[in-house]
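One chain, chain A, appears in both complexes that follow, with chain B as partner in the first and chain C in the second.
Moving on, here comes the complex of A and B:
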């Protein structure tokens, strides 16, 4: 009996997460201005790095991890601003607070939305950088995808919480870099290192410490936010 | 009267610490007199970590109790933490130049302290951007917790990262200080002096914050 009640609770929770995610995606697909900005930013950043590094740079593989993650991070910064600040600006935050949805479900829904937004950017950044900067990853594609997914998801968690915090400040989007950048090195450094190793043909064993560190970041941030997010959302 | 006694004790401890650092402690075998900056560096590093730990604990206590006193503790200690971590970074750079030949070596502790400094600088900027007192206390408390727990993650990341970079430029023998009793005693007294100085500055900062809150209340009522 208890088990079925638990199962129902989990199913309700996941349905709430899905609703929040769907709401934000619908809103984004209606306007599309963020997606367009992200795609343009992805292409422009690759072009800028190509101009900076010069044509056919022999050391391109050394710079690739930094190029990719800096572009992904700045795409995130574009996306972070809207996650919660948009709710505040449009006056829909009170509706979100009054809805019979747990704050944790709201946070996870918003994190998944940020993750999808950043992943769309990464889908453009990675292949276009391979064409523009003329390089290939010398290791298993699945490993590259796994490192990208884990790193982007961690950045999305930071982005969602930072956006939730920043919506209360008077400087809004201006405060986002100041608040998020110090929280980011814990996941950015391992992601850059793992990508660098993969660019030169590393195996799963070789990037295991970085993966563990990123998983540790995910667990620790999730645990703290699970407990504290309620205080952020409700006045 | 009680306050005067404590001020006198703090002053005496710090004068004694300065005397021991610059006059009493013998020159170090390999680095000579230049190693004395190490005492200022270590004691300020200890105080900055203590200050940020107080901010972290006060943030948790604020969220649990909703008592604004804890928010004032968190704000006061974070301001002082920034000050002492800035001293740590400056003296650390001088120490690194003497010991390793470079001002900045990307040592994991050095990097983690820089991130800690930036995290709480962001925390203070964030506090200043929220005018409602209760809201500021609640939201800053969450950031105070997040900033503190991100430090070990940044430290371990920096450990991985640092292994990619060449570290010492001078022979490693120069990196080790001879742990002679006078050096240990000087370190203990300078750490005690810095901790007492922090306690006094914490009291002053707290009083200033309380005064600001009282003025804001009076203006609000008027």
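Moving on, here comes the complex of A and C:
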């Protein structure tokens, strides 16, 4: 009896997450708030780096990880800073606060939305940079995808924290970089290091320390956000 | 004689914004199925009172309960019991009326698409906007948007309706739909609504509460 109630609660929770995610994706597709900026930014940043580094620069592999992750980070900044703030400014956040759903369902729905938005950006950035900057990953493609997914998901979580903390503030321009600055290096540095190793053909064992750091970051940030988000949303 | 069954109880509820009282020691109770009008000038505390009952604002002092549930400590059961229409629309301009209402009704647990659609169409027909459900909300007039927002607040058949100036933006036709809707709604729900119109408050309320500078200035039965 209790077990079936638990399953029903979990199913309801996941359904709520899905509704929030679907609504945000639908809004994005309807208005295309960020997606055009992301695509244009991806192409322009790659072109700029291609001209700065030159088409056959032997040092390109040293620059690639930083180029890739800075572009992905900027895409995130375009998307994740608005994830709660847009709802707050339009007044629709009260609609979510009034709904009889778990605050964590709102949080996960919003984080997944940011993750998808950034992943769409990465889908443009990574292949276009490989073509424009003329390099290939010499490692297993699954490892590259894993490092990208983990790093992007961590940035999406940071984005959710930053956006949620900044939404009530009138000094958002100050709060967003101030909160982002100490958090982002925790996932950005391991992601850059792992991507650099993958460009030179590293195996899973060789990038394991960076993966572990990113997984630790994911657990820590998820726990902090899970525990505090209810207070952020309602207080 | 049967004792009244109070659905809402406020006991010395205060809310301070900095050094200013938005609400000060307000106490009253609202019965099940009662229509309770809140009146008062701008800044009197009507919206603050509704936001406290809606779980959106925490009182500085005092206690408010709905069906015995504390509005600051038992958010989840309270939110299941209430339907709230605030001064500002909670709808998404980019989505259609149907998409907006479907989104909200699913958050209240109605997952079946067909059932949800039927509920939405029925509710929309009560307000005369069933043929505008597929229009993006951003393209609707403020009156039609208000009607949609009232539907959003009421579609899950709440036991208590909290309506903050529901008449604002409604034209004469909208007002008639709203009065008709209230007659049906009070069979199922208690209703607390704020308004600046004394005529409407007298016409549709059982009791009228007047707030002044955050304090309860008068509580009386309507004259009808």
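Some notes on this structure:
Rule of thumb we're sticking to: the second predicted complex is superposed on the first by the 232 of 235 C-alpha atoms of A that agree within 3 Å, B and C clash if a C-alpha of one lies under 4 Å from a C-alpha of the other, contacts with A are read in each partner's own complex, and residues count from 1 in each chain.
The rule is simple: a contact is a pair of C-beta atoms (placed from the backbone, for glycine too) under 8 Å apart; a residue touches a chain by one contact, two chains touch by 3 or more.
Nothing here was measured: the structure is a model prediction, and the numbers come from that model.
Placing chain B and chain C on a common chain A by superposition gives a fit, with no clash between them.
In the superposition on chain A, A:12 makes contact with chain C only, while chain B stays out of contact range. When the two complexes are superposed, the chain touching more residues of chain A, out of chain B and chain C, is B. Judged by the touch definition given at the top, the superposed model places A:95 against chain C, while chain B stays out of reach.
In the superposition on chain A, A:66 contacts neither chain B nor chain C. By the document's definition of touching, of the two partners only chain B reaches A:165; chain C does not.
Within the superposed three-chain model, A:190 lies in touch with chain B and out of touch with chain C [touch as defined at top]. When both complexes are overlaid on chain A, the residue A:141 reaches neither chain B nor chain C. Nearest C-alpha atoms belonging to chain B and chain C sit 5 Å apart in the superposition, given in whole angstrom. Within chain A, the residues touching chain B in one complex and chain C in the other are 235. Interface residues of chain A facing chain B in the complex, by the touch rule stated above, are 161, 165-166, 168-171, 175, 178-179, 181-183, 185-190, 193, 209-210, 213, 216-217, 220-221, 224, 228-229, 231-232, 235. Looking at the complex, you find that chain A touches chain C at residues 12, 15-16, 19, 23, 26-27, 30-31, 90-92, 94-95, 97-101, 234-235. On chain C, the positions that touch chain A within their shared complex are 54-56, 58, 75-76, 79-80, 82, 84, 86, 88-95, 99, 103-104, 106-109, 111, 136, 152.
Contacts from chain B toward chain A in the complex involve residues 63, 115-116, 118-119, 121-123, 125-126, 129-131, 135, 138-139, 141-143, 145-147, 149-150, 153-154, 156-158, 160-161, 164.
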